[in-house]
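For clarity, chains are labelled A, B, C, D, E and F in written order, and residue numbers in each chain start from 1.
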């Protein structure tokens, strides 16, 4: 068993808030992250997949293929977008880093399996000092 | 003459567009950076000041004081904000990294001089791969 | 189950030595790290906690609260201090990175649990090229 | 149980190809990585070992000793070398990052055990955006 | 006057040697960098251009256009290539980082000027610890 | 004219204080950096030299030689040392980053010239967020 990781990134706007709360209540719970005018981040995404090395290629998975999957199912939908308003797989979810990491896992699990590997971990940096890891459930 | 640099950061949303253009025209000129629903960045700001070393302290400037100036005049106004809508010193300006660096210079030049040093350079990273430097005019 | 990590840092002086050894014996065992006049580091600390996402907030734990706990129980006691002489929770322990990581775990385990999460890992960089990880026992 | 990691690096040339394939076939399978004139990388190697802290030293393992082992068994054989042509422990293997990580594990497992620790993980960066992890089999 | 920098990267093989020297003489002058079987690097390239901000766009230069120029004239010719054997603009030159930076300047000066800016600096990292800067002559 | 930079590092303890001040007065002027029990840093040092490329070697200066000079005149005297107590060229000087950068310039100027290049800049990081640059006087 071997693990291979590909790093991708995207820039996006978001806001932490619950629509059933007032702006004041959102500010109390989420602080400046609840700004109604949005703020944003340079997200760094590390996708780790696992499996056996293919003796014919020396690869677990062709990294160009893995990068293509991540771009098609995740980056193209998030880059230069508003996470709350424009990302289909985040619809109805609080736009926290935790929920975003879980949703990215759900996007990638099937296509990674079809490519012959298994998804192992989604690691998502919101800032240089804060990141989330999700290994599925 | 010696140069000392302090690194600070802020997260913000922005959009590149001209209000007199249609969304289609803005998309043509600014690409995905013109998204009407905003996007955002983790901006990294390097402020370099210059001057003589004070023989009593060994300092050009107390870094705690310099950091305080940067936070008061720049970071507090930009962090978790929308650059287009909420930042007084960017009002009426296109929210490009170039214009943002120039505006930050204008904010910091006087308070740095009052603190006994001279502003030398504003270096502003929009992403890990793109940054602007401004040395005044 | 999800994992979230907060990065903090502190600067400190230390020395590797055993008081029952002579300076010569300490030099033999610990090399230049045993310098009686101390040396120091910019330590980077990564604290990882785990648990379930709270559906009301989208958070495992509020990062501001987590950062507050780490600063109160660890950073305030270590930053700009001498690890051997001034840090209560290192008293009587060899000031190695291994022992420091274990002691930081002991400091944080209870307050993290009281905040509704579980401590998962202490990762401590002494230099860019050396780091220790501790997952409890 | 505690884990300690040492980072080392080496620069090397390599080529991904199978000698039984034509250059055209190699290009189809391995893309530009199959260039017959070679290309190269600054590889970053993270070696993680695990074990108990020695109460006499506060160490799991003396990092100078660990660094010495890694340099003797791995770095000296790879640095400024051609992975395909000059590295005995890669002879007959496709020079992929996966295979290189596995081969480095095989080189280090015994000498780390003789030094009183156990090898836990080989993490090998080929570029800033691609890395492999191997934990033995 | 404002300065904007774009970071790009390429992986390449090279060798430091003079064809009129023997392998022994090359080893004496260039050390392990003269290995006849090549070695390689992940080069990081920072291209800085300067000029006035265009009031219609807020840009000095469209970064997508700048990145396109760098890729067309430099990266496509160097990435996954052998600097000594395959790069037309390095033909007949010693493949040192100094010469490579100067040659990249020569490649980019005219197309950057045609795009409405002026080339200011080529900064080229060979490793994390060694880099060259060239400002033209 | 070309510029080449070599990065080196050292770990050291220091304290900011004036011996003619009381501990209380030192605390007022220098804050927690005046701790009588010392603190320390992982200093990162970037030494930039300038000159012409030697057509016989493609080098401005052999980086192995430059690294040797920096280690002999600077690193060996500072690494794992107490800047206030043990470093001859800092004797009688406040151990600020500014003064340390100037003193390192004085150490390196002559030996770099003897090696056929000219010293251009000393850039010294005290932490990831604070650094000083000195270009001579």
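Methods note: contacts are C-beta pairs under 8 Å (C-beta built on N, C-alpha and C of every residue); 3 or more make two chains touch, one makes a residue touch a chain.
If you're wondering where the values come from, they're calculated on a predicted model, not measured in any experiment.
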{"item": "Third chains touching both chain D and chain A", "value": "C"}
{"item": "Most distant chain from chain F, judged by the mean position of its C-alpha atoms", "value": "A"}
{"item": "Mean-CA-position distance for chain E and chain D (Å)", "value": "28"}
{"item": "Centroid distance [mean C-alpha coordinates] between chain C and chain B, Å", "value": "34"}
{"item": "Where chain D touches two or more other chains, by residue", "value": "128"}
{"item": "Pairs of chains, among all present, that meet the touch criterion", "value": "A-B, A-C, A-D, B-E, B-F, C-D, C-F, D-E, E-F"}
{"item": "Interface residues, chain A side, partner chain B - complex", "value": "9, 11-14, 32-33, 35, 37-42, 79-82, 85-86, 127-128"}
{"item": "Residues on chain E engaged by chain B in the complex (per definition of touch)", "value": "1-8, 48, 53, 56-60, 63-64"}
{"item": "Chain A residues touching chain C - in the complex, by the definition given at the top", "value": "16, 18, 29-31, 93-99, 101-102, 128-135, 137"}
